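By letter and in written order, the chains are A, B, C, D, E and F; residue numbering begins at 1 in each of them.
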Amino acid sequence: MWKDRNISTFIACESTYKEADTVLFGAPFDGTTTFRPGTRFAAEVMRMESYGLETYSPYLDRDMEDYSIFDGGDLELPFGNKEKALDAIEDAVKTILTDGKRPFMIGGEHLVSLPAIKACYEKYPDLHVIHFDAHTDLREDYMGEPLSHSSVIRRAWDFLGDGRINQFGIRSGLREEFKWAAEGHTNLTKFNLEGLKETIDSLKGKPVYLTIDLDVLDPSVFPGTGTPEPGGISFHDLQGAIKMMETLDIIGLDVVELAPHYDQSGASTAVACKTVRELLLTIQK
Amino acid sequence: MWKDRNISTFIACESTYKEADTVLFGAPFDGTTTFRPGTRFAAEVMRMESYGLETYSPYLDRDMEDYSIFDGGDLELPFGNKEKALDAIEDAVKTILTDGKRPFMIGGEHLVSLPAIKACYEKYPDLHVIHFDAHTDLREDYMGEPLSHSSVIRRAWDFLGDGRINQFGIRSGLREEFKWAAEGHTNLTKFNLEGLKETIDSLKGKPVYLTIDLDVLDPSVFPGTGTPEPGGISFHDLQGAIKMMETLDIIGLDVVELAPHYDQSGASTAVACKTVRELLLTIQK
Amino acid sequence: MWKDRNISTFIACESTYKEADTVLFGAPFDGTTTFRPGTRFAAEVMRMESYGLETYSPYLDRDMEDYSIFDGGDLELPFGNKEKALDAIEDAVKTILTDGKRPFMIGGEHLVSLPAIKACYEKYPDLHVIHFDAHTDLREDYMGEPLSHSSVIRRAWDFLGDGRINQFGIRSGLREEFKWAAEGHTNLTKFNLEGLKETIDSLKGKPVYLTIDLDVLDPSVFPGTGTPEPGGISFHDLQGAIKMMETLDIIGLDVVELAPHYDQSGASTAVACKTVRELLLTIQK
Amino acid sequence: MWKDRNISTFIACESTYKEADTVLFGAPFDGTTTFRPGTRFAAEVMRMESYGLETYSPYLDRDMEDYSIFDGGDLELPFGNKEKALDAIEDAVKTILTDGKRPFMIGGEHLVSLPAIKACYEKYPDLHVIHFDAHTDLREDYMGEPLSHSSVIRRAWDFLGDGRINQFGIRSGLREEFKWAAEGHTNLTKFNLEGLKETIDSLKGKPVYLTIDLDVLDPSVFPGTGTPEPGGISFHDLQGAIKMMETLDIIGLDVVELAPHYDQSGASTAVACKTVRELLLTIQK
Amino acid sequence: MWKDRNISTFIACESTYKEADTVLFGAPFDGTTTFRPGTRFAAEVMRMESYGLETYSPYLDRDMEDYSIFDGGDLELPFGNKEKALDAIEDAVKTILTDGKRPFMIGGEHLVSLPAIKACYEKYPDLHVIHFDAHTDLREDYMGEPLSHSSVIRRAWDFLGDGRINQFGIRSGLREEFKWAAEGHTNLTKFNLEGLKETIDSLKGKPVYLTIDLDVLDPSVFPGTGTPEPGGISFHDLQGAIKMMETLDIIGLDVVELAPHYDQSGASTAVACKTVRELLLTIQK
Amino acid sequence: MWKDRNISTFIACESTYKEADTVLFGAPFDGTTTFRPGTRFAAEVMRMESYGLETYSPYLDRDMEDYSIFDGGDLELPFGNKEKALDAIEDAVKTILTDGKRPFMIGGEHLVSLPAIKACYEKYPDLHVIHFDAHTDLREDYMGEPLSHSSVIRRAWDFLGDGRINQFGIRSGLREEFKWAAEGHTNLTKFNLEGLKETIDSLKGKPVYLTIDLDVLDPSVFPGTGTPEPGGISFHDLQGAIKMMETLDIIGLDVVELAPHYDQSGASTAVACKTVRELLLTIQK
């Protein structure tokens, strides 16, 4: 008793940094959210609520207690200074990669993925991205701002280029964004996960960054987000997709856009936590 | 800057009345609601929340910005005087029809559909009704009251007569109501949308009034309503049905029964807004 | 007017105890809940909200008004004394069985099923159990406590033995629990209701106790529970399963784990009420 | 066990009608509410929550268990038919008065007070009214409707006449209403309870009807109401005022305008319940 | 009917811009909020909820219908670009001042006051500020950022200098901030409004900017804010203070920090609306 | 970066155990709560929300950063086994006292105070208790159970005896409880804090245990509790009382009964956090 100050981690993420091969951390930033902010609280609330889960997955027949995962807590990010916040995330991911570990980030709004993808790309120039989302996130800018949660994938494209980005579940965007994607810039699957199997097969052996905007799920499954967009995929769809990814070489990943204040029942937080657990177990080798 | 007093419309409904071919308006009445009132706030809240949507529909490949839709705001309806409220709605719909435009009403409780259907029927005596709902709404009366949200379709039958009303998704009602419908008074499809395609085909060229009680959706999709009735259709079902209606000649329509105070997450309001957007785009010629 | 003090029952459960063949009652106990308590309020809230339903089921074409069901209200259970509370439940169920009636209990947490199953087992030594749940509930103990909501089925196995317990929809538990079940102690179906038809056929003519932990439903359908576990069955699945059970000889049953305070929209309570109605109509002969 | 169907009363109101000298009942009507409806649920929720109280008042050193109070439950009132609803209330109050008992009504919106005051006036032509409220409720009509929650006291004046109505705590109304009162029609005290002692003294020996719109309390104390109006009295003020009324001959009374859906914490319902308890104990002789 | 697109203003703010002497507008910015964001929705929600008020103030015996106030709606501000947002606010206020009108801004977070004060200062170099708040807002910077809601008054001091800023109700801040104020930079009154009368007297005839952070109120009165700080003033205190300001020459003002999503009951929004009404009536000459 | 697993403490409680003179810890037990459970989450939520405070108190002119306080997190307590839970708390407090430190416990329901008081009494046989509460907590038993949150002070009296317990703010209880106290067993002040100064003076130099049930506050100030009891003290009252206690020798203390799920706005949690901060600063020597 009383040895340590109170430690609070995502369930079963109790490895030390040194021993861990996966590093979980929160990126509590929601500064460019246009509709309803609040994703900054996601990682903190998920740590508390993750104890409603078991560490064992009957889907994967794996148990988190068999793996070495470190939870480093939330990064300290300056609100109201987007550039500094993104820089801090990029630095954190670089450190993790340099130390030979896999970064697993919990957002925050989707813009936090940009510096993470960038850091991974710098280490893995052959990087491919799998992107689950309700929204295209391909805007050139938002009210003149090039750095925004609705342009995050477009900004990643700026350095990744054509043919590297695979989008699934997309059901909302400007007409121009869908057109731009269709011109060959990204592989965009509308409404559902059709073709995911083929994409996964084609990416075998290549370094992959996986970014899951949880609003890819239908709002019935995941109401707790800033911009609920009806018509999404089910939890079964998402869980099946994760299982399918066991063969991939995921070198970095994130789960973003839980906004706990819109989740009165706690069901969305439970979905986010279970998604993280399944991902943590899937990426272990 | 500062030219006009603050204007608040449903997203992209920025035409003038004169130029519009569709007139959106709210009917904030919930005076006969037996269970949980509050639908009177629906249209007002939907205007605010509609900005979480995009104006473009990837389902229909159409954009609201290409059409002329006017949002006239909410009618002023006297609470506690059902008759005056219904008369005011009837007058509003008549004016819109007389001016050669299509009325699109946002309820309020379902009783608001009655005067709208009546006004349409007076202009189009060959009117047919498509009715999506969890509830039969075919009561002869409710505690002695003939005018009630649970008898609205029965009251429409009073003037439309047999064979004009097509009900889908129905899963709640008195035994007598189901019997009465089965005697040939309405075409009632239980539980789902089976036969919708055939109904649509048979109505080609005829004037149709479409009334969607959003509680036809499962409460998982649409909890924000006065009387949630489990076992409903999915958003995919509803969205597919709307797309199917492109061939119909819808001369008036409504979407009713969102009760925003039971929608803490905002997901139900998002469903209502997206339904309205898809309908607005589907009925355009 | 003013003949009786205010009576509050589940809708259409207005028989006297003497005339009733089914006795509905609440067991407001949640003393071993590990995550989020509050199921103690379920029965009381369900009585109020049941009036949002109709008494007629279009699924079964039966009407509650044709049957004799008594609602005895909530048992008075001492909070903070698990043993006394369980004893009181066991006594109540014994009395009902002795009087030749069928007990239908509304929980409360799942541990309340234990004394009910025990009382039924004492009258029907050939008892079989059908168990719908997200969780295995097969722990040997919880933090050293053998009596806990997460060990309730294991405790029932203590006296029922192998081959009597049929579990469906299970998607969460310790690795050991799944292993233990797979050793032949229970018939455990993971994730869904596969094989339910075969189980029902094999139990024809045998006395069956049915215990439904409502968290077997997906949290999108039923968020209002203490431990939401994503990936569950739909309401259609549950409703179909109930209908399938018409041929069974259900001699006692319960519905547990609604936690109304996590059900801001009321949709979960509506699901619980409709489940109870469908069960009440299905078990009538 | 199992003698009676489930009985649900306000705490300690367990007398039979015959033995009771006070008859508590609910009037679940909110049909003319202009802003946020929902007071129809007040009495039902208060019965459940009253068990958070004790039956003993340390303020009055009296215990409810020493008195004979009957809780007759909620009247069945037809939604959407104001006239019938008001008639039903008037009949109920007349019956109670004819039977030599004191009526204590729980609203509902404030309009329910009108038929109750009327029935009392018919038995006691010398009736005086004490009215606690944030709002004047003296409108001639509301959007042309003479019967409305915002004209209830004006309608009572129609038959009571000048000098009979004493208003306290008033802080909202039309300029005309304040003027009209100031012309001598009612004794209106703005903002607080100044002069209440004098009023009580002057009414000694006369029959008094007490109507308390709970929004007289500051919204910090009582947020759970349709039209929160900042600047009200404290609970201490209200409790002190009730105690002061021990010397009055209150022959009928009501407490109105709790809207439980706006009371997430339950604090407003607790205030309403404690107010009812203190009143019930104060009026006993 | 149907002349105009739907207009939505704060109650009785229906003047045209040209005729108005006061211009109400919203500044929906919360980009530097450190704790709980969401003040961006305040003005929009207040417009809707203001209709729960009357236009007449019995405190001031004035009626909004007698004055010419224009509601210009919310400014369009780019999220995620603090500098542009502040510039847009400064421009708006300058335009209003240039046109000889009085700006009345509804925040948003407190940082929006900075450009408004600056614009007023440029027109009125003799400007004094009265500042009601729970927090000092005097930080030199926040995590290195000089522009933040917790440094807004310090930034205003940068150009106003010593002796111009009068702070009331302050009960939270860094030790350094209190020290810095005490060195003579601002007149800071801790905990309450002591000395307000003297301050008002001393400012007679001078141009005053009034900025009210509503969290100066106790959280019991005003829970709906990002950083509730117990121990604040009552609504009576605030209302009395406003009345006292009738003699001042307020040339610009704002009311900030309502966060509607933390105001489930609506009571905080009602407080904000009534505060705005009383201010609007007080500043009219 | 990444040195430690994520540490989560109450703001500024970052000392090691060894260096600390005060040990803060949570006792997440609510197993005997009769009305609305949920206090088990209080300490965890307070740690998160405490960052909305500053570390400096302008009331006391002290800063938490100047003191050595250790936050040991929540004890692991077995739900559903009252005896083991109470034993675990007693052991924890004993250890702290043995190590020469001061225990500061955050409940949990009030019963958690019993083992803490007991452990303190064993070290300090001359112990006196100051008890702030809305409820007497002096029941001999609750439904036959001697160990219950409503008998906690009576159980403490069992070993402390007459004249050692000083109760303030009490406004709810059985008639028998008030009588029993009045017989000289405890010093009970009804409704408010009258006589606190005298009590403090009389206890100078004696070891004091302070237990604050936060429901001593009025529900307007502190709605987030299981049994809101109107008519309580204000935050100013409580803050003043704490300041008054600077002269006492408080050798152990607790703050209990925050139930975060009834605190949608977060205001109650803020009150609890600020109370803890003020207490932590007051007890430092």
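Observations on the model:
The criterion applied here is as follows: a contact is a pair of C-beta atoms (placed from the backbone, for glycine too) under 8 Å apart; a residue touches a chain by one contact, two chains touch by 3 or more.
Going by UniProt, the chains are A, B, C, D, E, F = Agmatinase.
Small disclaimer: the values here were computed from a predicted structure and weren't measured.
For the pair chain A and chain B, chains touching both partners: C, E.
Fitting chain C to chain E on CA positions gives a rotation angle of 180°, reported to the nearest 5. Both chain D and chain F derive from one sequence, and where they touch, under half of the residue numbers involved are common to the two copies.
Centroids of chain B and chain F (each the mean of its C-alpha atoms) stand 55 Å apart. Each chain gets one centre point, the mean of its Cα atoms, and the points for chain A and chain E are 39 Å apart.
In chain F, the residues that touch at least two other chains are 36, 218, 220, 264. Judged by the touch criterion defined above, the protein chains form a pattern that is neither an open path, a ring nor a star, and not fully connected either. Under the contact rule stated at the top, the pairs of chains that touch are A-B, A-C, A-E, A-F, B-C, B-D, B-E, C-D, C-F, D-E, D-F, E-F.
By the touch criterion stated above, chain B contacts chain A in their complex at residues 51-54, 56, 58-59, 63, 218, 220-221, 235-236, 239, 264-267, 270-271, 274. In the complex of the two chains, the chain D residues touching chain B come out as 30-34, 36-38, 40, 76, 78-82, 84, 142-145, 147-148, 261. Put simply, chain C touches chain A in their complex at residues 35-36, 170-175, 178, 190-191, 218-220, 223-224, 227-231, 262-264, 268. Here chain F touches chain A in the complex through residues 1-9, 13-14, 16-17, 23, 44, 47-48, 70-74, 92, 95-96, going by the rule given at the top.
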